[in-house]
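Take a look at the structures below.
Two complexes, one shared chain (chain A), two partners (chain B, chain C).
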Partner chain A sequence: MAINPSDSKVSPPGKKTVEAATRRDSTIDHSQVRINVAEAARIDRSSRLPVLVGFALAILWLLEGTILGDIASFKFDFPDFLSGQAYLTFGRIRPGHLNAMIYGWASTAMFSVSLWMMPRLCRTPLRWPGVALGGIIIWNIGVYLGIILLLAGVTDGLEWLELDHRTADPLMVIGVAMVGASIWRTLAARNVEHLYVSVWYVAASYPWVALIFIAGNLPIYTGVESAAVNWFYGHNALGLWLTTINLGLIYYLLPKIVGRPIYSYWLSLIGFWGLALFYSLNGMHHLIGGPMPSWMIATSITASILMVIPVVAVGINQHMTIAGRFGALRYSPALTFLVLAAMSYTAVSLQGIMTALVSVNRITHFTHWTIAHSHLGVYMFVTMALFGGIYYILPRLIGREWPSANLIRAHFLLVGLGMVIYVVTLGGGGVLQGLQMLDPSQSFEASVNAARPWLLTRSFAAVLISAGHVVFAAHALMLVLRGRSPVREEPPFFFIRPVLVKHE
Partner chain B sequence: MTRISILLLGALATLIFALVILVIMPGALLSSVKAPPQLKPYTDQELLGRHVYIQNGCVYCHSQQVRDPAFTSDVARGWGNRPSVPADYVYDKPHLLGTMRTGPDLMNVGSRLPDPQWHLLHIYQPRALVPWSIMPSYSFLFEHKQTAAPGDTVLNVPKPYAPTTGVIVATDEAKALVAYLLALKHDYPAPAEEGVTPAATAPTP
Partner chain C sequence: MFANSITVIILSLLVGLPPLIFMAWGLRTGQFENLDETSESIFEEEELRYLRPWEKPAQVSERARTYGALLPASREGWKKWL
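Right, the complex of A and B next:
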């Protein structure tokens, strides 16, 4: 079984100290735990099936969401493109893209990532793997049903909560509860005393997402309260689900790949509880200037500014963990994606705090700046982290290395370059659009014309990103299908061998 | 941290705190908001139109809120004569406040553009009326007939967009959508806030 060397590099096999460390409990410092390769492989086997099924479904969603996103993007440049049929109209394709990416791609991949991480962190086989697998499948049936209904014109009409509350949402609640049950059952059966940072994030995310999803989808709200609940949900889906699972993933893999512990336990604590407390209150900044009681918006602006505390804590913590070891990026594709994701988390959070300020928001609210911002978050942070996770996890579960280093490079360059073009040009275009809209002497036409060139560059970026996704999906398929070919001994980025751990 | 209970209770406590502040408290406070007398409940046709509006995702490009003139140009732009207030939305379920203005705000579109024929043609093909528009055509809300039947609403489509033969007739859905748009008029004076109604503040003799 070919194992990426980072597992064994941390503690070169054959040394007496390794055995001793393997047996040592983790009561003080989890990073001192030495899980040996055999034990890691045994634990990985327990979660193998649900994790692989989740990744397969997620990659399928990635491709489907990409097609929907591309169609939506080109509709800005060519408004009569595919406008003859109701199910192809922009107002259905766009939420189709969002739901496919958030609930199809990201959430399904995050189920897999958590089901893979949790047993390793608890040092025990995954409990109730069948329940977890069933949960992933039921969730996916719910999302497919919801998106097909959405395209057919059945929608709850709230952004991020479009999927039908009578059919799709109950399936999704059951699905996430089943995956969460497996996660928490594994946590309860843990063989370690200390709970590592990633455990906090991953375990807390499941009750969080279940609660906000139920609260957000209850069909009992009217008027502006419906708006308040809408953005309470919309923002927390990002903050207490997409962000937390992926921060947990970064917290786990970053130290593991570079071979040194997280910089500061206390910064991790501040980051986690600060996020839990402040992020959950951020939602109303989506309604600045709107017809809400002003104390609600003031609360959210204040909480948004306070987010600087956990964001900077996490940023420093992760940066100091990798600082001085950036050379390792050249050999580990997983690390490259994860470091970019970690940096994007800091960037998108600071950008979000800035956007919550009224002086900035009066320009950027209601413009494409918001779309660029959300792609910096959901793509550059969440999706990049998940790519990193998949690059690390899949070879370990399949027992073979990725077939081609060049395909990984092509994937990284296409999506990285595409996303930089996307965020920079559309973000800038949004500001230009907003400045025109803020000036009452300019006609509305000026704001449309100000945005149009940047909508076109976004479509160009979308083509690059889509090509990257095709490369990635094809490569994952190659990895799975190369069943009978000889096992490759070396990891894809083998031409540079950095010294990862200096033994004093 | 070494205890699961602290993790679980802490995680639930922070979220429930936020739920109380941003969902439960506002729900209780806003439940007392009454509809202003000038704001009429939607008719069945307008509700169907609102359904068509939701189904086809108009909200992804059009907001329905006039913001504070102190820091926005919404009023100066003619999108309304005053900022929107919670009472303007008591009949809205779900809300359609929106987060994007790829197209203009529609809070008072019924006052600003009162011509139903204009709206029908604009929905059929926006560029027939507004050459720079990037709004999609909603031709699927219209029927292409060879000859109009009695009672049909026939569109007067200008040259490049007109069919070579026959006529374009609005479906009930298109007419309902226009009825809904024309009902979007929130330019009556803002209702006084609870507790500071003129009657309450007027000095008693």
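Right, the complex of A and C next:
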């Protein structure tokens, strides 16, 4: 909007009017002015403390969630394994694993990623860093308290919403609101006119997650309505929180590392707005076959199928950005993780759309296929993207490169191989299990026995993944501790023989 | 049946309507114009002028043509971007 100079003659401008006009006049035209390296480093420094604390807490959660996940997995193979105490039973360990990974690891790491990315994209130092830091700590206290109570048997009993709504959830709402306040205050103080697509993704995520988390945890729903709100929350937590921050991260880092702008900026906007406007209708497809109004299920299936538009838009865009330049993977471990995450996003989204179809859902519902599908999304997409982000961000904030290329290779190979085995075997086993369950000539026990070899393979994959997490955490610790000894002369990543392919 | 679903309808609208308002704001303030400039806004000064060792000769030429004379990929230069 243009400023009319004659306005000031009519009445003296207020402080807010002057500030707004000053900001409009001083915003940067992207085509003319670029940020320099020193300024980027200054902006990074503004977010350093909350980002580093967030990453440290996230990695601790990754290890804790891994232990809980391993225990839960081995209970399928050895049902009496660690069953002597109530807090070690499957009904508590499994939701403990889920909550530690979603709210402890992924969400805390996503706070850090967004607090690092937003100031860079807005070209201004992070505003209210103390509030953001406090928010991260309060969120983590909430998650920790919730999981302790969960293991002690105090649970709300709804999937993805197990943490206690009287103690843990209020702390988590306060925490995410404080981090979100810092993000939006930084956005309000931006020095750029046009918002890059990652800004749309990150900024929108915070009000969305606060809204759905509060709505999902209100203890006022009963019966069918409770189930509907449960899956309204569960699916939107995936699509409007875990997905959005990580797509924003990929849209930022992928072009930067490859060294060329995103293939089609227009397609990236279609991807964002398609998700923003239509995703919230998707969750009810989890309740196909349940006692729900038929129009609600039909609407959800239709909306799920329509999601093919933003998903394909994102997939084409990310593929075309890197097409012809896959050699760059040899030079950047961060890019390797991010490309795998981007490919997994397309795969898991198309798989999810397919699973929303009644004919497919009839087979896969109530089987281990669902677990394979959710790990393809939350691990192969979300966690891989966060690994890529951490590999890129930590050296910039600490001022040193990662100590060992071999440890990065080991991490990638362990978690990559582990997850491929996990998703393929458990997905295939889940389909076989579903077909057995639909066969009236087979007993239920036969479907359980059909799944056993696949579950054992899953446990083997879980061990590989766990080893990868230990390597990653140890390597991150080495990176931090290196500062206490003289920094050795190491080649930068440019010279590392990258992750899988031999250097020519 | 409708009584059981009104909450989900309201919640879906609460999630889906604000983006519509922000989309209108974006259209009004020109957020969807100058797309090329916006897509390049994430790059720092001279970032696009560095040689990339994985690029084919045609891609190197295209980079030079688009962003100006290329800079050598020194060790220090590369540390910043990778």
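What we mean here is this: the second predicted complex is superposed on the first by the 449 of 504 C-alpha atoms of A that agree within 3 Å, B and C clash if a C-alpha of one lies under 4 Å from a C-alpha of the other, contacts with A are read in each partner's own complex, and residues count from 1 in each chain.
Methods note: contacts are C-beta pairs under 8 Å (C-beta built on N, C-alpha and C of every residue); 3 or more make two chains touch, one makes a residue touch a chain.
As the structure is a computational prediction, the values presented were derived from the model and not from experiment.
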Between chain B and chain C, positioned on chain A by superposition, is the outcome a clash or a fit?
-> clash
Using the touch definition from the top, say if A:320 reaches chain B (first), chain C (second), both or neither.
-> neither
Is A:207 contacted by the first partner chain B, the second partner chain C, both or neither?
-> both
Where does A:481 make contact in the superposed view: on chain B (first), on chain C (second), on both, or on neither?
-> neither
Kindly classify A:37 by the partners it touches after superposition: chain B alone (first), chain C alone (second), both, or neither?
-> second
Looking at the overlay, what does A:413 touch: chain B (first), chain C (second), both, or neither?
-> neither
Which superposed partner A:439 touches (first chain B, second chain C, both, neither) | first
For A:224, select first, second, both or neither according to whether it touches chain B, chain C, the two together, or no partner.
-> both
Determine, under the contact definition given at the top, whether A:79 touches first (chain B), second (chain C), both, or neither.
-> first
Taking the superposition as given, does A:262 touch the first partner, chain B, the second, chain C, both, or neither?
-> second
Superposition on A: which chain C stretch among 4-12, 40-48 or 58-66 collides with chain B?
-> 4-12
Which chain A residues lie in the overlap of the chain B contact set and the chain C contact set?
-> 193-195, 204, 207-208, 211-212, 215, 221, 223-225, 228-229, 232, 236, 240, 269, 273, 276-277, 280-281, 284, 292-293, 296
The chain C residues in contact with chain A across the complex are 1-2, 4-5, 7-8, 11-12, 14-16, 18-20, 22-23, 26, 29-48, 50, 52-56, 59, 63, 73, 75-76, 78-82
Interface with chain C, chain A side, in the complex: residues 1, 29-31, 34-37, 40, 120-121, 192-196, 198, 204, 207-208, 211-212, 215, 221, 223-225, 228-229, 232, 236, 240, 252, 255-262, 265-266, 268-269, 273, 276-281, 284, 292-293, 296, 324-328, 330-332, 334-335, 401, 491-495
Taking the complex as given, what residues does chain A use to touch chain B?
-> 27, 75-76, 79-80, 83-86, 89-92, 94-95, 153-159, 187-188, 193-195, 199-200, 203-204, 207-208, 211-212, 215, 221-230, 232, 236, 240, 269, 273, 276-277, 280-281, 283-284, 286-287, 289-293, 296, 299-300, 358, 362, 365-368, 370-371, 437-440, 444-445, 447-449, 451-452
Within the complex, which stretch of chain B touches chain A?
-> 1-4, 7-8, 10-12, 14-15, 17-19, 21-23, 26-27, 29-31, 33, 54-61, 63, 65, 67-68, 71-73, 76-77, 83-86, 88-102, 104, 126-127, 132-140
